[in-house]
Amino acid sequence: MSTGHLAPAHAHAAPGGFIRKYIFSLDHKVIGIQYYFLALAAVFTGMFLSLLMRIHMVWPEAVLPIFGTIKPEQYLSLMTMHGTIMVFFVLTTAPQSGFGNYFLPIQIGAPDMAFPTLNMLSFWTTFVSFVVMLAAFFVPGGAPLSGWTSYPTLSALPQAGPGQGLGMDLWVISIAIFCGASLMGALNFITTTLDLRAKGMTLMRMPLTCWAWFITAILGLLAFGVLLAAGILLLMDRNMGTSFFVPGGLIVSGIPIKHNGGSPLLWQHLFWFFGHPEVYIAILPGMGVASQLLSTFSRKPIFGYKAMVYAMLSIGLFGFMVWGHHMFMSGMSPYSAFAFSVLTMAIGVPSAIKTFNWLGTLWKGKIRFQTPMLFAIGFVSLFVSGGLSGPFLAQPSIDIPLHDTYFVVAHFHLIMGVAAIFGIFAGTYYWFPKMFGRMMSEGLGKLHFFLTFIGAYAIFMPMHYLGMAGNPRRYSQFTELKYLAPLLPVHKFITYAAIITISAQLIFVFNLFWSMAKGKKAGQNPWESTTLEWITATPPPHDNFGGVTPVVNHGPYEYSVPGASTDFIMQTDPVQAPTH
Amino acid sequence: MGVALLLVIWLITFVSSYFFVAHKWWPTAVSASAPYIDHQISITFICMGVVFLLAQLGLGLFVWQYRDRGQKVQYSHGNVKMEMLWTTLTAILFIGLNLVGSPIWAAERFHLPPASQSLQLEVTGMQFAWYFRYPGPDNKFGHVDALQSDASAGGEAALGLDTTDPAAKDDIVTGTLYLPVNRDVDVTLRSQDVIHSFFVPAFRFKQDAVPGLMIHMHFRPEQVGDYEIACAELCGLGHYKMHGMVKVVSAEDFDKWMAQREAEKQ
Amino acid sequence: MATLGPTLTVKEPRPRHGGGGDVPRFPHGGGDGRGDDGAPDYGERLRRYRLGLAVGIAPIVMLFVSFTSAYIVRQGLGSWDNKLNAYANDWLPVNIPTLLLLINTIILVVSSITMELARRQSAHEAVWAPIADIPGVSVGNERPFPWLGLTVVLGFGFLIGQYLAWRALETRGFFLSTSPSSSFVYLLTGMHALHLAGGILALLYAASTSLLKRPIEARRIVIDVTAWYWHFMALLWIYIFALLQFAR
């Protein structure tokens, strides 16, 4: 099992054999692409589930082809699996394990990750986790209905609903496997960043993408262990008669429950201690990509590199201190609520700093509007929109009317379901030439951008209004409450917008696969970007740098340096006259 | 392309802002705490609205204004003074908003009205209905045991009211919540099975009902009328239809209604 | 326009001496420990694997921190008791078989000592290996004491001892689901045992490397990293035992 076994004078050939090369490859680039395609499969599954959800919400009696009518419990299963698949198998996978795996080693000048075998194992463990998750659809009772947050006692008691039997167990097992896979990946990312940087690549010369992947990995390292603990306790409550989460004296559908003495709030604390860092795991890589692209395509260094780094570090640190803001209405101590609330408002500050700095990067730049840049600009807009609903929810008194309404759905979808996705799109359009040696179609890319940008706003902006009107979330239909009837036209508008926007993603998929085969051949550095991946061949050879070790002499975003002969200086270019 | 982006961003900003302000989304508020909550929402709204407009319009403007026209780029790694300035301003704004609103949270959660003047009420959630219990003339809630309950029988039996307990004899259990106007309500929330949430949009009131916990809250309806109750925590397949009704009536009407309920128990 | 060709500075590889920004050796995947040009790079690999272990211990700590905080909170928690019409604390302190667990602790601590001796022994072997390979040269210690094997035996001994402790708990009436407190006892000790078993598997793999004729450097790295893991497991056990004994 040898790989990366290199002699300094010549590049080593990749291992032979189809299985070694493409299935159980130890090459971080192949593994990155494997993760990316897993996430692609997951995102289309998740989008399809949300399409069924939106259709059912406005036409509950609709008879769909193949599925027939969707029963309320089936709606809730669709919703649970939609959230779970999107959060775990798309947002925790593509930006970090996908692009991070491919480009972290290259951007720091390393020939591979620190532990290539572990890397391969972490991908296949993620794959197994996904298969187990999907299996929940096909077992008796079907997929669970307790939401991606899986609160007991609904998730702890098989009697509490259809799908809460074997389906729920498979869900927990899948998540536990995913925790293991994530921890393996985080270990690799952290060790690689600390130990494999090329000469001259100090931490403060790393591209902001690398910082984002590094901090995300630290968050994952510390958070997934807690989720694993919670999952183990839940499995024990469900299958071994323990009572970590289930109190005594309960009766479900006339069946007395034999558990005694547990606390449902314990789950919420454990889950959200993981859950809040998780959402920062989902967004930080996108922030890194946005910073990289805004700088490249404005031909200007990122505004305030150090501040950007400290902001990400603060977001990571504070991210562990704010989990209680998901629990203001849960019955937890109001004193704790106040403390969590202040910390949550505080975490808005580094996010605001990053936004100011992105705007500062654009200011007095020279902006090129290729597709990657459009998605980076879109990211900033969506991050602002999604972020500004946060201060409403962060104040417990305002959270009282807004908690568990569509206002929350609007908030997290704009940030996770669109901004983070735009980060993935931006990364795809930007790095596709390097990964596949061809350019994606600009025309299709721009069309994809405008349709998705407008479509996503059309879907999620109106959800704020619904939340303000008191429309609760996780309702399979809105036929029972009179005050919801006037809101149905808004729901219909959202559903139509969703149908159009989801369809528009086919443009992206077509562009992706068609360009792999037929796209215009790409040069080595089509975007005139400065970071290390753009000095490699296209696509990079097995050891990334063709047998030579890069030496870094510059920071990552030296664009339009006064006095330089070109408007960009590669990180490995020889030292020029001192500029900054 | 710069123009296209500018137009799209600005249009989205203006259209969404229009709908935020032009239409009355919030239900009419009828409780004592609602004006304070609504006021806090308004000032947050204004602050965030201004930031929203400035950021989005600024973004749109910049991408058009600084499109590549062959101009010279201002090479800069940033400006520490600016960083310090906007960091400080943002911190003051965000944390200031929070501190300004904290007395409202305190009023909601820490200050309870005097028990002698409040109406005692117990709200129990179960899959998929709300039951309301009044303590009756003795002002004491009798003993309930969910394990003895019989949901199909409804009312007292659904709660598992212990008929041997003397304090329970005069407890009144209904499926519709009647409340007298302008009187504090001291409510205890509980659940028989899974987590539910008692949400009355018109009261700006929401609180989870957690199995294993007895959660005390208070509110004070100040306008006569009918107001819907929605369940606001996923509780199973019937979550969407777990609703109820609060009927706020005058004090005399309430007393009459109570008298009728007590008479029925004889 | 900048040239689009690579502008690299080629540095000849030279022996490492620490520091984060030095020329990296290209890491070797799997267990292959052969140096490229004869220069030992396994020192760098050892450092890297040690770093990886240190990073990997963090989530294990988080796992047990979660269990601990659940334990502490649950101990003090009241739960609504319908019969009493009040919040009641139903925590039932578990009568753990302290003597048996103390013996197990001693076994584990001794195994930590033997593990450390095995670790240093393999370090010596790795240093002398290039010279020991020379025909006719003897570096002494032809039949080294099997510290590694002894550690494995003691490790198994600990696991058997834990099993006996669980049987003792059952005899005293504390099963997994008897009470919240007993659940935690089984949970904490069980999770620790599971992690320790992983360590034993690593040791067995290390023992097998000599049979599989893997290079001594690879073997040394496995033993070294597993030794630190093993010491962590011993410390973790002492912590868990103290928690269950003094914070019943």
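Brief remarks follow.
Labels for the chains are A, B and C, by order of writing; each one numbers its residues from 1.
One rule holds in what follows: a contact is a pair of C-beta atoms (placed from the backbone, for glycine too) under 8 Å apart; a residue touches a chain by one contact, two chains touch by 3 or more.
Keep in mind that what you see is a predicted model, and the values were worked out from it rather than measured.
Farthest chain from subunit B, judged by C-alpha centroids: C.
Between the chain pairs A-B and B-C, more C-beta pairs are in contact across A-B.
One finds 30 Å separating the Cα centroids of subunit A and subunit B.
Centre-to-centre spacing of subunit B and subunit C amounts to 49 Å, using the average Cα coordinate of each chain.
Multi-chain contact residues of subunit C (touching two or more other chains) are listed as 79-80, 82.
In subunit B, the residues that reach two or more other chains under the touch definition are 145-147, 212-213. Counting only residues that touch two or more partner chains, subunit A has 247-249, 262-263, 567.
Residue ranges of subunit C in contact with subunit B, taken from their complex: 79-80, 82-83, 85, 87. By the touch rule above, subunit A contacts subunit B in their complex via residues 71-73, 76, 145-147, 151, 153-154, 157, 160-162, 246-254, 256-257, 262-265, 298-307, 329-331, 334, 337-338, 341-342, 345-346, 348-349, 352-353, 355-357, 359-360, 362-369, 374, 377, 380-381, 384-385, 388-389, 391-392, 394-398, 400-401, 403-405, 446, 450, 453-454, 457, 461-462, 464-465, 468-470, 472, 474-483, 559-562, 567, 579-580. Put simply, subunit B touches subunit A in their complex at residues 1-2, 4-5, 8-9, 12, 16, 19-20, 23, 25-27, 36-37, 40-41, 44-45, 47-48, 51-52, 55-56, 58-59, 62-63, 66-80, 82-83, 86-87, 90-91, 94-95, 97-99, 101-102, 104-106, 108-110, 127, 145-147, 149-152, 160, 192-195, 197, 199, 201, 204-208, 210-213, 215, 228, 230-241, 243.
Those residues of subunit B that touch subunit C in the complex are listed here as 143-147, 190, 212-214. Contact residues of subunit C toward subunit A in the complex are 1-2, 4-13, 20-24, 26-32, 34, 36-37, 47-48, 51-52, 55-56, 58-63, 65-67, 70, 73-74, 77, 79-82, 90, 176-177, 179-180, 183, 187, 191.
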